[in-house]
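Take a look at this one; I'll ask things after.
Chain naming follows the written order as A, B, C and D, and within any one chain the residues start at number 1.
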Amino acid sequence: MCAIFGIYGHKEAAKLTYLGLYSLQHRGEEATGIVSFNGKKSCMIKGRGLVSEVYDEKTLASLKGHLAVGHNRYSTTGLSSSKNIQPFLVNHRKIPLAVSHNGNFTNTVRLYRELEKEGAIFQTSMDSEIIIHLIVKSKKKDIKEKVIDALSKIEGAYSLVLLIDDMIVAARDPYGFRPLCLGSLDGSFVVSSESCALDLIGAKYLREVDPGEVIFINKKGLNSQIAFSSPRRSFCIFEYIYFARPDSSVFGNAVYKIRENLGRALAKEAPLDVDLIMPIPDSGNHAALGVAKEARCQFEFGMIRNHYIGRTFIQPTQFVRDFRVKVKLNPIKSLLKDKKVAVIEDSIVRGTTSRARVRTLREAGADQVHMRVSCPPIKFPCFYGIDFPTCKELVASKYTVEKIREFIGLDSLYYLSKEGMLNAAVLPKGNFCTACFDGDYPVKPAKKFSKDILEK
Amino acid sequence: MCAIFGIYGHKEAAKLTYLGLYSLQHRGEEATGIVSFNGKKSCMIKGRGLVSEVYDEKTLASLKGHLAVGHNRYSTTGLSSSKNIQPFLVNHRKIPLAVSHNGNFTNTVRLYRELEKEGAIFQTSMDSEIIIHLIVKSKKKDIKEKVIDALSKIEGAYSLVLLIDDMIVAARDPYGFRPLCLGSLDGSFVVSSESCALDLIGAKYLREVDPGEVIFINKKGLNSQIAFSSPRRSFCIFEYIYFARPDSSVFGNAVYKIRENLGRALAKEAPLDVDLIMPIPDSGNHAALGVAKEARCQFEFGMIRNHYIGRTFIQPTQFVRDFRVKVKLNPIKSLLKDKKVAVIEDSIVRGTTSRARVRTLREAGADQVHMRVSCPPIKFPCFYGIDFPTCKELVASKYTVEKIREFIGLDSLYYLSKEGMLNAAVLPKGNFCTACFDGDYPVKPAKKFSKDILEK
Amino acid sequence: MCAIFGIYGHKEAAKLTYLGLYSLQHRGEEATGIVSFNGKKSCMIKGRGLVSEVYDEKTLASLKGHLAVGHNRYSTTGLSSSKNIQPFLVNHRKIPLAVSHNGNFTNTVRLYRELEKEGAIFQTSMDSEIIIHLIVKSKKKDIKEKVIDALSKIEGAYSLVLLIDDMIVAARDPYGFRPLCLGSLDGSFVVSSESCALDLIGAKYLREVDPGEVIFINKKGLNSQIAFSSPRRSFCIFEYIYFARPDSSVFGNAVYKIRENLGRALAKEAPLDVDLIMPIPDSGNHAALGVAKEARCQFEFGMIRNHYIGRTFIQPTQFVRDFRVKVKLNPIKSLLKDKKVAVIEDSIVRGTTSRARVRTLREAGADQVHMRVSCPPIKFPCFYGIDFPTCKELVASKYTVEKIREFIGLDSLYYLSKEGMLNAAVLPKGNFCTACFDGDYPVKPAKKFSKDILEK
Amino acid sequence: MCAIFGIYGHKEAAKLTYLGLYSLQHRGEEATGIVSFNGKKSCMIKGRGLVSEVYDEKTLASLKGHLAVGHNRYSTTGLSSSKNIQPFLVNHRKIPLAVSHNGNFTNTVRLYRELEKEGAIFQTSMDSEIIIHLIVKSKKKDIKEKVIDALSKIEGAYSLVLLIDDMIVAARDPYGFRPLCLGSLDGSFVVSSESCALDLIGAKYLREVDPGEVIFINKKGLNSQIAFSSPRRSFCIFEYIYFARPDSSVFGNAVYKIRENLGRALAKEAPLDVDLIMPIPDSGNHAALGVAKEARCQFEFGMIRNHYIGRTFIQPTQFVRDFRVKVKLNPIKSLLKDKKVAVIEDSIVRGTTSRARVRTLREAGADQVHMRVSCPPIKFPCFYGIDFPTCKELVASKYTVEKIREFIGLDSLYYLSKEGMLNAAVLPKGNFCTACFDGDYPVKPAKKFSKDILEK
């Protein structure tokens, strides 16, 4: 996953982009970058690490201009070169073009091969660079037409912010896989992956960018068109379950509320007889509160989160088992001793982390440990931007729920039904992509690629 | 405040100390250090910053030995030299002496002056260095007697861990201001400011180190004596209110439980008529849950904490008001809109942070904002180790509750009574130091010093 | 100026390239880079700073492969982006192409414009990137033909080393402006700007790469062709005067010997009546020795060079006049006191440095200071790779020799004649470019460009 | 060896100290430090590395005050702690005391033991700290008397600069082992190891500090006394041979001139029949010139020194023999081919470096290689500050000249006689310490210590 942000028409464009990226940090922790433009000169800062580490007062001050785009990159395996940090920027015929991209193209390999055949030279392995080449190569006259022409060649999931000369472009693929919203601040326009970034900078939330919509923002104002239509919507439901911040509005609804709905649905589907309901903090907080409300059972903070976890810590030798879990979350022994406990998890991927957490709860003295998961079993990989592992590593792809319960070491395990999840998500059911649960992929990925992943 | 940790008799002494300091990070974020000894050679690593930043695999591996002491230092103004990072280590007559100290001596100036008159040369301005000089200068024959002789000259608050040759010494002042507990792990002994450090390394909690007790741990085992007696106990009640981790046991009781008690007491003393109870996360979580339980009112997460806040961030210009608060805590607008809200704060020091938080809640649409504080008004500075500002900056030292309510911008404000607080704290009332609330200082500080602070 | 180096067929290709660059450091101090290839994967390390600063044991070890190319970059104004460090590397259709370039194209702007019109996207402002685009766009079938096709489009000065897949290519423009030589080591072939790099790695000097020659080196061995012919040779005579290392062989002759010849010619053209001859160490050493031998006058070390000058030092305030000169070169007072001194300079550019040096000699007590310069007055900029300033800043472009003598503060000043210089340089006169002295440019630069520079 | 520098009465005291240390870099490359005082507050900067690396504009600007002392430390084995960097500074009873020291005490161990017995706590293993303790413990009333009292307890070699409150003290041991000179600049007084530092800052050289002299400089001016007398002078003759800069005046004479004398004496003692005389640059330059003048033989630069050698470089594998020598000094093949060459070395310690150099000369084609050394064989260690190895590693301590000639691979080898050396050094013979040549130690070191070293 990634975070994207753009702003047009503010004298502190780069600083506001920095703040926007700060509040979107949860969408990508590996690297971050900002490109700004003042009508004459484009400036760029990029680096590995958190937003708080990469930028400083001095470098930010060097990012002059009234428009800017930014990006946070999620950790993905293998592509460690610093050239692969976004935004991707080139100056073509003295005009700057920069791209921030969230999502995954499904026809990357073909596009890449065709462009190279025509003599294109690639610097990176990023989808963003492909977009730039497609724009530059387009035979259309007008730059706006060139952008739409380029996007028409792309298949798959994308939410994009482009900086092209003195203009910001926001675009979302026809299925609307990834979120993107529009706001305004003191007469300037802002584009952001989630609304929490608008809150921080004090911008007003206007609306979602529509699937298939391309928005051009320049000194004349905002100009929008639905450039691409599609038979269906395919919003990523996992944004609601885990990815987005609970204080954001995504796909038009408050994330916290849908998480609470998921918890209430869980309580209805699988009644509990326990002494207390506890979340895995902080991602499970709202779902756990939903369960507690619906089940009229006591909500408690059974584990305390250590706020000082650096991104690397030194593993002691064998004798501290489950150290990585323990250093983040410490159970309160005196609260848990001899209790029947229900733990609310947002999702289970490999199962190993849940297993370690349950083990520490038992070591802390819990008598029974029950787990409720606020989504169905994840059985399939995602081709649209979420970094699930291959099927081989997805525990629910290989084992039954009973086997998983046993592996994690639970007294009981219940996953929310797909029906229950979709009901909790408020919007009409057909509007969501649920491929990770049911394998129904709205856009087919290139064959060789998907085969490798699905059968691995 | 500071964190101290020591271990004797484990082949991974330094790594365990590192882990202990990791879990005690909340007691001091400015600097950290570890000294280890393998019977022949002492090793030391010190640095500014968090535990996760100062140590790495390689440096930790260089800390050889079966005993070690560590320290985390709280940010205090003015003493920025890196020489002032603890533990303080010297090699005297080829024997290593190292000190980790939590607390504040009240007769520092006099001790310092006397020692200099005798030709002592000081490297630092730390209390720890004074202890070393007192031990080295002691006329007693035996090293244990020297330690007790040295401690007998010190007035004020201290919890100490010393490494002296092949021995660890743990000591606590006769009043017991600051916590210190004892644990065991695989036959080795561990000393720590709080029990959460024992949890992380899998050590067994044995007991508190008693006020006035001095414990010597070496290859012969553990040897303890009550070296100093005192007319009263003076446990710092602020450890329960704010400082200690909720999953720790401090002064013999579970911290989370006493916080919940404080919340319940608040609910009883000042009934509420609101739509929801919300904590300032995470320090107010347990008190808020206590209020909600007692008042049978709905507990909600009204603000979302950003987990990525680095220690420095770049302040945007004026137009983002209350930025420092907003970047840490974002209110959920759709939850708060038109609601009557009660916010639970653990304490109010200057009042400016609470004011900014309340302002963001109102901007998010809250109809009424009431505040409940889980301790009485803080009116006096602390001479025993907590970094409260001078009276001039303590808002409750200058203003009435009504004035403070107005300043913060609340619909109502209620502070827990001293009586209610002491009842919630379980132990007999006389066992606590409540000087910050009532100015009753168990150990008088040197006159000039206290006058300056109190009248400033 | 820049240094280039390449090697094919040695298992320590990158380490040898590192050593080669070490000994070619004088040709470029700003930045350095190495690209290696092992038949499967290309690796690159680049950075600002000296060779000794940019590489370390670990990074060098990561440069696997049996072929490598390297580059040192001279400080040039304005292009400070780290993207502009060479070698320039791309992977096109899974094949690595890397370029190290010394020289300057004279038709850069036109090539750049044409390529962009065809949709090429440029990452840098370097000539090297243009070469890559020209190769990739070439319609020729064979890669060797593509290279020659690309070079045929380029005008100006270049000595090049390319890494293309499992092949090293060495090429020199038809005029032969910049040096390039060929060596062998244990069956592998080496290409280097100067022969001193061959000495350091113990390689055998084979011959110069000829003007217009393109050499392909791969697993089948070395294959060469004269791809381009030209009406004349235009070797840069300034390589002999200042740029090359005295222990190198350049354009087929020993540099030290030609410097000594220049000194002897000076002594003949302008007899001296002084107490001692002294060089500006170390660049004037050999010319000064030549003067001393021919004039039968005593050679002395009148100034001592400080070997510890870092690349930045802190300027004290006004009161230390000529500090930058003094900190590098300290005159020996007791040697110079009341003496008539002749100082040998290799060349004068702006005149300000010479002026400061002469001032310190006078302050040290010299009675008379005469200067002899081992080349004629530099009056014109260089379009082929040497960073002379614009005419406006070249002191000899604006003033007569008498005025310059006065400005520098000398008792006498004599520049070697062009005739004398060319005789000293051994090769036939027509073989050299002397444009910086006489404005006779062998290849005309693009009009607008040259006009700006020449009239500035 | 080390460099010391001090200045009193200049508003840019720290910057001038920085410049002084810059020009004294050759006396110590491992670490450097400056302490300044403005009458109220002392400031200190210390660090490992060269002067050009440790200080920057900002840190230097923080060194306020009109007096300062500085130090460069030579690399010595084993004592790698950054605490051991000088100047050593303490604030005692609110008064700053700082020491910069060049030399070695011979009664360190006894002093250390006595002070610890009295309760002194040492932070470092430096002689400088002992001086501070001795001053602070002195029973004398006046600070000047305390200083002299402290120095009276010290045996061995020292040149010292102390900063005590608003006063600079310069002192030299009664034998005068290490140099120290006095200068003036704009009414302020300057003390420096060598006069080259005075040159750089434009100060006037006044005189040497006399052996046994203690000079006090404060706002009343300069006050001096010969505090200690001794039966003899023992100036370190190795300062002339190798250590001091040739442009300095040391012990009252120009260093370059004495080096030239040493060369002339060599030529007289051992006539040469060779084609050319060459120095090992730059340390042998002046002696080689002396030989060439006296022998009327041609002086040539046979080896070129690489000016870019960083302090670490990466050793290639075996196949580049003598790499460390080659990367520093490259012989000019075309000059040396088939020539009879005489190389002038200042001294031979282990013999391994000379051996490698001679090997590269032969590989470059020299027909005969003769070596002349401008001092006698070094057979004994130094107890007064020069880092010679133990006897075991001194090649002349174990082998005859003939054996050494064979080991190095020479056609002939000749060492200057002790008689010849002393004559060349101008001052009366009895004024020098020649212990490294003849084992005649003016001050006996503690027995155990010397035995270990001498027999090792």
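Odds and ends about this structure:
Here, a residue touches a chain if its C-beta (ideal position, glycine included) is under 8 Å from a C-beta of that chain, and two chains touch if they have at least 3 such contacts.
Remember, it's a predicted structure, so these values are computed and weren't measured experimentally.
Any chain that touches subunit A and also touches subunit C would be listed here, but there is none.
Farthest from subunit B in terms of Cα centroid separation is C. Mean C-alpha positions place subunit A and subunit D at a centre distance of 63 Å.
Once the centre of each chain is set as its mean CA position, subunit B and subunit D turn out to be 52 Å apart. Distance from the subunit A centre to the subunit B centre is 37 Å, each centre being the mean of its Cα atoms.
In subunit C, no residue touches at least two other chains.
Of all possible chain pairs, the ones that touch are A-B, A-C, B-D, C-D. Residue ranges on subunit A touching subunit C, taken from their complex, read 90-93, 116, 118-123, 132-133, 136-137. Against subunit A, in their complex, subunit B makes its touches with residues 12, 15-16, 18-19, 22-23, 25-26, 29, 50-53, 55-57, 60, 186, 196, 199-202, 245-247, 249, 254, 256-257, 282, 285-286, 289, 293, 298-301, 303-314, 316-317, 319-321, 323, 326-327, 330-335.
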